[in-house]
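Could you have a look at this structure, given as structure tokens, before my questions?
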């Protein structure tokens, strides 16, 4: 029993972080229709910012979170202007952007590799390798903090999108750019803003990830498929779905990893994806595609 | 010029409208060339003669390598270019083809050059089955499902002891002298590539191809136009897997080494996508141009910068710049502007 | 003549394609209802798109209240006072009817006032009130058209340009629609519409414009347009009328 | 020929079609009219199976078709247009039209995409609709009316037995519409083509159709010859409003 | 005219950490040789290409070296997974294949005669030295009775595990048995395996769960066979988080500075790692015909790069020394002759490198060498075994006091 509970706790703790990593992806897709394959590599960039501050200045990664989010958001603005601005008129927008972000992922990896070498890094504040011990059970502190913070950030963002005026403008621009423009929305500004928020989220996630996983520039390939599976399972673009899927899958993966074998725990994510395609192609929280 | 209704009769307006329409009308496409690809093929077939005057093994290697990518990218083009389903998981079929033929070679000593079509068939069957599940979703979800397929295949192969698991297995080398050792694979790969290009041409210009193109634009419309979209899509998946599988079969023996992380790599799939996009998705010559371009570029990076991050950065940069400035691919964009050299119009 | 909007000899087209409009001109007078007719593909929609900034104008001028609008973005032009409802896809499909209306008043800064106006609109269009929380994309063709039209009532622009507002509407609703338009023009909003339902359109307008071949072939009082036999034959389904 | 029995389509609480029953006789031109949101388009969607009906049956030529996939229905000779035109971008108009021609089995799939005969036929249709000039234009770069016309051309390409037209006249210039009406009537008379048409243009309905079915709130409220329907008080109230009197005046 | 030597290394990708260090080893050695006048009077030009940890690229690059760059010799690449495929192409061209890393037995059982492994022995036999430490350094009766073996699904790690567990080594291509390692070193030493687990080569994140399972198994000895230093860090950190309390921890990787940086002094304390090289071992070698001790190497390396070298740079350095001695010994860059010369080495006239003396058997595996066992002690990697052979051996810490 204690065993089961412990595995559950570990699964949830990991799930919280994965939820934040995935929700940025989900957000950028939800509001921009961009499948950002570069998201994991930008998370890594954010993690490097945290790492640099931790190593060089001794700043705690959690304290660093807003800073790294802001820096990444600024980078997001730049990237958007250089790479995506022109694409908004393209008929093949969504497909184009997948490929562009793929290119971005490679460029980010190259730049990071040049700046930080390919050595693996991790920030090690004390709580990262500590845990709350409750009787037989333990809750890893690092994961717990990261998970809770993640959920808070995601919650705040969801509210912002749903109720603020800018949130309206962002959603409107995604759904019908021309109409939004005709109603007085400066769509280009809004696109930049939305993209920056998405990338800023990668920065925030990076800060938290920096003490949960170790990272190096090429690591993002390992994350991309896992995060994407979470996003699809949750329903493309649904942040709530992403969070639920991340928690759910992490827990299942934890049980699979313990009872069946660690090799198969990663498999959970991908098999779940196929399963969902079979029974509910639009994902857990996705809207059923409208036919005619 | 100054037609106004006040001064002219209805008929003259009709007349003017006809002239106006004539002026705005767009013409049909220019005609294609067939001699150029055939000439290219002839040159490639004669290329090994170079071995008589020196050691050009590396040149042959590069051509073979390019040919394998031409075959795979053209195969990918059937699903990704015609039907519009971008798959980042096609290396699975590369692997399945490679392993299937490779195991036959290892156990029974039958050369993969003979078993390649069979390997292609196995890949096609797998493609068919996978397609039944994943082709239910479009766009991003499909792309991701294809990545997941790759991951699953990777984990399965990594743990499948029969085929050597993650450690892989070595295949016997042939007994030809170094000078000629590459030739069987060279010709096999050129043949596969040529066959694939020809096949994609035939597909594109059939009802099947037209249907696929309709599917890529609007599935509901296509379905209500009487196209069995599910069957078309799954067939496209199977066919594209077939060609990739064949290439994989020969590639395995050529490398003499089978390992999940040689075949089941997302970068290989990504290369296929990149080649088709850079060259011109949905065109016949696009994947060919793309494959040549990417392989050449890669050589350039390796040769000039040798190593490191610069290489990755460079590849990413080329990809981004290509996409931004040639959104329809080199061939597509030039064609749209009417600047495509005639020799590159194979459609 | 005191024109509000003056379009002189503009040339425009899509991307780097051929010039669809070549020598179109248009005069819009304040407070009147103007109706543009013409065959399919004449360039009517293109003309409206050029005015509101969705297309770049290659030659010629668009002067609004003495100000040149060429080169401005649509959102800027809207703030100048020109509101445009395009022919297709004017809604946000995944937003509810209410949210769509809210977007209609995006340039208003007063949220209370906005809420009040939205309520007013829902009052006026029962069909929308019933569906206030339905996603716009799942509404019937006519319902969507109604919503697009209703949305323009939230802000009170100087000019409303409507591209085939009667499209897909039931006869009863069409009549209401033209009544609303008349009311708007009475309130001082100038209306510029494109209609294929030409008889209806012209009957309810003050001024008629015939656009064909990418240029303006005729401009005059709506009654004159209706009466011209050549126009009847060419654009109004004349055989029947004859 | 086409029978719709007790058809229902519910979206959550919204009953788009709610037990509609009507029939279209072979060789007739039947109009389906009704106020906005009555469920006409949804009924079309259910018949052509682009959406799955909640309940009810659809019969074509004595066979049930509501279980079939859309392409099968098309293969049985039923073709439709969409209210909001669905055109295939990146394909020329002529390809958009030819895509609709019948393909039989694997053999058919391997036939050339565009045979010379098909091309001639397509060009003839385009010519009739006055849109030859856009034959090689991208299907996406059309004006609203041109798209409607292209849809119609595609429909005529497939030699269907019965066609379902969803507001074919919306956005089409009246002069051209006159000709189209003439053509449809000719097809109907000469080849026995059956037509089911949704339109809001009452004038057109009155002149073209043999029978009118009126829907409101998902149900069929009235059905009969045009003249009768036109005078039905229920229809007047729900649909036509004051238009008739004005026209009469 | 320069003498060209090519090396394809994983500078980017999953193996990049070690790949970069290998590059330094080759570069430093080349530089020192050139300063001393080169080989056979010719300056040496080192051509390094990045294979991005991708086997196909590695093969391609060696082929390029041989056919296009016309190199005179090559250095091997890093890791078994790249060495395996490269082996066949180098054998085809009959180039001397000096292998810095690639310890799986299967590589040497393919019948190639051009292989020369510059490490202790095939990975399958590593367990021998691990068990020896337990037998020799831990008082009778106090040694661990139970063990948990967790390993990466990697060529090298699998091979070590096979030896420890006493599995059969087979060639999957033909199903032929290569070696039967039963009963296994652990069984030999009377240690019972209470838990065994593998994690995938790529994309594994669930370390805490793994660590939790290890802890719950109650094993007294933890054997972590990781494929890279990164994994060693992850594993150790997780063990610390879950609060595991084994008596002994043995890792196959973790001698690198990245390890101590990643896990911290406390957690690292007492962790045992096998290596082929340690900076304090007084190996004597020759470079450019002159004596060159291990200490000289460490000094030169620090002068060049500002950091202490580790195993990943020392081994390639030794490879470079071996090739140099082979060319000088054979008096030519004819690889066939070089191969003969290397095979002809005997104990009294070995190849002398910073890893000590090398002679090889038929297959290309070094004869009569054993591993150096090291242990992290207060942030320093000390070498604790073999005792009595060299100076500088430090007492073994046992048992480990938590993480």
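Letters A, B, C, D and E name the chains as they come in the text, with residue numbers starting at 1 for each one.
Here, a contact is a pair of C-beta atoms (placed from the backbone, for glycine too) under 8 Å apart; a residue touches a chain by one contact, two chains touch by 3 or more.
Just so it is clear, the model here is predicted, and its values are computed rather than measured.
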Please identify each chain that touches subunit A as well as subunit B. C, D, E
Which chain lies the greatest distance away from subunit D when centres are computed from Cα atoms alone? E
Distance-maximising chain from subunit B - centres being C-alpha averages: C
List the centre-to-centre spacing of subunit B and subunit C in whole Å, with centres computed as mean CA coordinates. 47
Taking each chain's centre as the mean position of its Cα atoms, how many Å separate subunit C from subunit D? 27
With chain centres taken as the means of their Cα atoms, state the distance from subunit D to subunit E in Å. 75
For subunit A paired with subunit C, centre-to-centre distance based on mean C-alpha positions, whole Å: 43
Multi-partner residues of subunit A (each touching 2 or more other chains): 113, 118, 221, 225, 263, 266, 291-292
Per-residue overlap in subunit D, given as positions that touch at least 2 other chains: 41, 50, 82, 89-90, 134
Sites on subunit B at which at least two other chains make contact: 24, 151, 155, 158-159, 220, 308-309, 311-312
Taking all chains into account, which pairs touch? A-B, A-C, A-D, A-E, B-C, B-D, B-E, C-D
Sites on subunit B touched by subunit C in the complex: 3-6, 9-10, 13-14, 16-17, 20, 23-24
Contact set on subunit E toward subunit A in their complex: 11-14, 16-17, 19-20, 150, 153, 197-200, 202-206, 208-210, 212-213, 216, 228-230, 233-234, 237, 240-243, 258, 262-264, 267, 403
Contact footprint of subunit D on subunit A as seen in their complex: 91, 291-292
Can you list the subunit D residues touching subunit A in their complex? 41, 45, 50-51, 82, 89-90, 140
Quick check on the complex: what are the subunit D residues that touch subunit C? 11, 14, 34-42, 83-84, 131, 134, 141-146, 149, 167, 170-178, 200-202, 238-243
